[in-house]
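A short write-up of the structure that comes next.
Chain lettering (A, B, C, D, E, F, G and H) follows the sequence in which the chains are written, and residue indices restart at 1 in each chain.
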């Protein structure tokens, strides 16, 4: 089983992103089963929101949050400190929405996937009431950084979720991120 | 019911989506709704279906849960299929009608998305809400995951609408951990699903302008007791119906849940049996595997149907096993966890010596990971 | 459309069978007999806890000769909504759904349900027969109790003004609102038939004398109800959303002018609950009556 | 609804409260001579216990004493005072 | 509490009168009322007392039971003594606030005049209504006669208002057979009664304009569980309190009811023990005498306090005795009588072999004369 | 008694502490800050389930700097009654009891409780901040939702007219009824202070923009609220039982005359929930607005 | 224990009468304990209402209606048939509001106490909204007929119940009935 | 209420929702030159995150960025367009 923790800000589409990531993993032959658990609270725009995603090759029977993640998805750089990286596997990937290795990770030896998701999303007009929707973009970065879901299945999941009309921009965001993401060792 | 090779579509969706799909496929004619977290997304989905013309139903947006259930009651008395959903404070607010539907034998299907009860305010899951209505004459099935939500809601219509049963049906699903969690559901298509449920063509009760009868009027003690006795018996009949429905569903869709009433996981005999409901019960399955790997002998008895209470099934399983650990996610304050109490009672009643330990866990959304379950099991095994 | 006594005589249906459980001289039962009797069939009644849940019968048989669903005290308008919606889905849109309830459900515990149904513009008619008390439980104050009236919970006389449900529903955009009284039965049935023929949420409030709780002579039921109109205490009117206008009904027209009204004591002296009202109580009742008229006049 | 659940359902029936004429202490008696067949009394009887007067047949009202509760409304409302309330049994 | 030689006035009065007297003597400051048969005469009496100036209280005539209890809750939060009463549908209609008062730890005293639940409509007695609220965090005492109603309501204020308890209190009295039946009550005078109860001067909770705190707001799982745990513990403390209160009441007024939690009638050991509550339990005392006269060995264990449930006391008595016959006047549909279930559970939990038989009787006002009880006892003895 | 901006500046109390849980641009929080802040102390708040039960805080501390009792959704006016009666018994009649709740409790589930408290003439002030939806549960239709507005339960736009709670309470004899908006804060606080100084049941309804549910830019909150007044959608007025008269408040006076009103689209186009309204929906909204004005005019 | 069944019509004060009879028995040294159980139903004016009264010298623990009565009180002659006299002790007294032995009892050998309670009450003005209140009157007859409660204790109970203002008429009714009641063997 | 029951009771506290300044994407910046100290922005801030302008001390408004959520109302309502919303971090 692969376990992922995601942190985002209310309004940036994190909950939807986690769901679509789970959808994509379902399409992967090596998984087939997945789970996305948003941690509900006062999900105000701008406030930090956690979500957990699991992939597995058999039905998942856990219902708890992810305590020890394999990978971490950080949709907003300023939220890095909200995650306890002690509990995130050193062998996993941390996917962060920023252009250079954040201070916190320097020298950690961690595999970091960097992407300027905010810029990509904004360029594609993925902005809703002032909030930049970086969720799909970050999924592209996740695909690239972890290589555990293919961009094809990700695109499929995005298309299924958003439907014909709204999919293209979102697919584009994921694809561009997939291309632009740089994986580095911190 | 003709057997079909049913085609499935594996989809990921939340537990609430699964409930909404089942409702959509069963084609209720009247849906009354009032929002409450974490039930809201069920009714929002249904409002979309109705709006988009996918579902031909009267969609009644009422001003309170008391009225939501009342509107369903009016529809049920009129002999049409009807649906609503609620949670927590909403369930309490409709209390009078919950009992009215049960004692009035109205086959309403109403998922309860389990959430704790205030105060303090909290929107998280435990089973306090639906457990408080265990006297109300409703069938209650506690589901363990999204798939079971879909399957159970679908089954619910047939169970409730059986003339020999004629009881309202309450599928229970844990708030958030099922309702808002995305997971895979093997979704049959709409047609197969509806074929399974069938048209509600021979209503258990139906107000009729041609026959000016009176429903639910004054009764004396004799008639009162006759009706209550029939209600008790209907609950007994419901046990059989649930078992058969589980079987038939299995034939049709290829999935069953134990015998419909209880579900055993792991070996048939073990040193310790964990007894629980809802998602804790599913998480327990991982715990059971883990404990087995560690060389410990632990199995699980999941209580799927809490009302009617599966006395025989529990007793039989207890007879073979050595110790019960009941995990309750709710409490009857001033005594103990409700599942523990009732489990002890049936063991006593059936002269079964198997000792019963109880733990109350996961109130107010407290997380109950399998690690906690294994730790508790070990603790109890050591005693 | 105006119903005459002749029409009453040709009542199409015996809606209330003889030998029922209402007290001798019950206004509510009398109103039922004519109103429900005036619509031959295709009516479903919804009845909340009230005297009507008693005088409908029990045991072996029912005095109501119309299909009737009994509901919890606060549930009737929502149950009625469900019935009406179901009938619609069944293609039986010609079935009329009528709530027949007291002032306890209509003005107090059930008012949220009622306003909700009105807000949704449910196609139902709510008839609130008002005996101004919780009759079924032995005569406690309701929101519709007159100022000064003695009830089981206001032994010195009620102190709060009447909750004017008709006005509340006018403010809430009901399709049709009317008051009526058993003393003017033709007027009552005219309004009932009119209401039932309209689409949307309709409401009627009926002054329904109640000898045991009014502590009045059962023979005086009609007389007292008539005096309620003549003293101005019970203004008869109709209000139609389409016009936004209220119309004072014939029997009340004379009493729009306060000068013409009979003294309130003509009415109060006939009832044990009001006959010992103090001067102050009488004044307050008069004041509350004036308030109602002045509200009403704004809509003329 | 033949095989439906056992729940309280009642058919319509005359005399569901029994012979309510028993409740009476005073009994209305009409003087057919005074009666002008206006049927006002009929209109106001909450118990439907009056048989209508028939102007054409020149018939006065009459009573269904089995159910008349003796409330006295008919007597009170008769414009001709054609009805008298007498002590039951007298 | 100083001991006094308390003067009594032997009066005949109904059970509802007895409840009203106790309320009068305890001097609540806010009383909120909504009528329902058979509770009405309690509130009518109180309205008279207030009207006549015998009781200085705010008397709030509300528009529903939901609001009746809500108004009491507002008063309780404001730190004053408060009282209401209800029954049946009324209790259901206030359900949300019933739980709110329990979990919110508001020391409200609210007699419930037991009446069955609709439909069909019936105003007669059984225990279905209050039993449905056994999870709600209220102390419940089931009285057997008019005298006990007075005594229990009086005791209730002190139990509820104890800071270590801080739980709402529900004295239960059977509709009609207690509420409307005239019998003798030894009525202490107002002063002695009030002295016993005492001023509510140190409220368990009190909203205060000087300290702008927030009551009953949002909580996370941790705080939630802390509060619920305290509630469970408060229930345990309540057991002691009820026992002590019973003792102290005895010293003061010369009357006790068993140990406050349970009451034994007849011999300490017998072939058959009848376990029941309310008036059936008192009627059982005549049955016990009669059976004894016939040479049969039968005694009684009356459950006076149902919440908190007197586990120890029942277990201890069962240990000494040979067979239990539990008479329930209510049912948890889909399982069994609630008292039977819980009795079996505690016997099981305490490894007590005494077998338990159960009978459901007296629903919907069905009469349960001692002749029926003796007949049932004989039947069970023969088995 | 008219509050000026100066008075606002000298706000006596920080009622709403910084760092609270309301969304950015929340009208309800803004109204709270000034209204509750204007009465230094001796206030007890009663808050039903709503966004206010969230933005008041939780966990370790509260943003509300006033004693607050949280209640079940439909219970607040009755709880408030109990608090007020208790204060009276404690000799603390100077304590003002204020219900601060949303349109869900105020217009729907809690309206029976509210009307009940009004009927009893409880000495409390009910402030219903209206964001026209069930905000806390994610934006479902409430009885106060405008015609045509998209909500989570009306994906094609709401079809029923607004339940005008102020009118309902005028019909029910409240002591004082007023509407207000965060766009005209001085007017709002003036009314709040006036209301709180009166004896009896007072009611205020406040237009409270809600960016997430109105799908509007948080920066536009005040602008949209102002446009609601300028388009006539949100008439500002006061009604006093003593006079029986309504007074149109200054900011609305110009818009009594329909000619002067801005087109509704000025308001609707700024919000995702209304910007795609069809012509018919716009007409219906206009129609419902006219209905409100015509009701109101009867009381001028 | 003495058990009494009473039948009356709603409106004639039967429920109150039963209560006062219980009060009177409480005052009797030989009893001290008593009970009055009205059988509730639809207690409409004029409809038949049963009530049960018990006297005992120790607290009464029964809560059921009286099935086998010692005495029967019939407040309205027309209601005689509502009582199953098979179950009323042949040694007890039947107190009936009428002037001569009712048909039903003729030849039964029963002890019948006859009183014209309606007339007495009416003469004393004990009429409420058209209904004659025969309850107190019939208690006088009961005292005379059964001799198990004294007229003194009955008067005491009546006085306590009605209070200074309203007692005199009611006391008078009981006393007159006590004098006028004729006990006969049918 | 020291020994009272364990029930949810909270004291008032600044920052009960945490450092809500974090929620911001856009940040309001005032140009003190343009600011006429009218305090309209202060009035309309739902978060009370503006320090009042002081006409007497000729001080423009300033911000409590720890709590300002960046809603933009102040910028929108400023009659002098003295406030600009800039990207957080820029």
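Here, a residue touches a chain if its C-beta (ideal position, glycine included) is under 8 Å from a C-beta of that chain, and two chains touch if they have at least 3 such contacts.
All of these numbers come straight from a predicted model, not from anything done at the bench.
By number of C-beta pairs in contact, B-C leads over the other of A-H and B-C.
Centre to centre, using the average C-alpha position, chain E and chain H are separated by 54 Å. Rounded to a whole number, the gap between the C-alpha centres of chain B and chain E is 32 angstrom. Annotation: 48 Å between the Cα-based centres of chain D and chain E.
Of all residues in chain C, those that touch two or more other chains are 21-24, 53-54, 57-59, 62, 64-65, 70, 72-74, 108-109, 111-113, 115-116, 119-120, 143, 211, 217-219. Residues of chain H in contact with at least two other chains: 7-8, 10-12, 17-18, 20, 23-24, 69-70, 72. Across the assembly, chain G contributes residues 42, 44-47, 130 that each touch 2 or more other chains.
Contacting chain pairs in the structure are A-B, A-F, A-H, B-C, B-D, B-E, B-F, B-H, C-D, C-E, C-F, C-G, D-E, D-G, E-F, E-G, E-H, F-H.
Interface residues of chain C, counted against chain F in their complex, comprise 74, 108-113, 115-116, 119-121, 143, 160-161, 163-164, 167-168, 170-173, 244, 291, 294-295, 298-299.
Residues of chain D touching chain B in their complex: 1, 3-12.
Across the complex, chain A meets chain B through its residues 18-19, 22-23, 26, 32-38, 40, 59-65, 67.
Within the complex formed with chain F, the chain E residues making contact are 29-30, 32, 56-58, 60-64, 66-68, 70-80, 82, 96-97, 100, 207-209, 211-220. In the complex of the two chains, the chain H residues touching chain B come out as 7-8.
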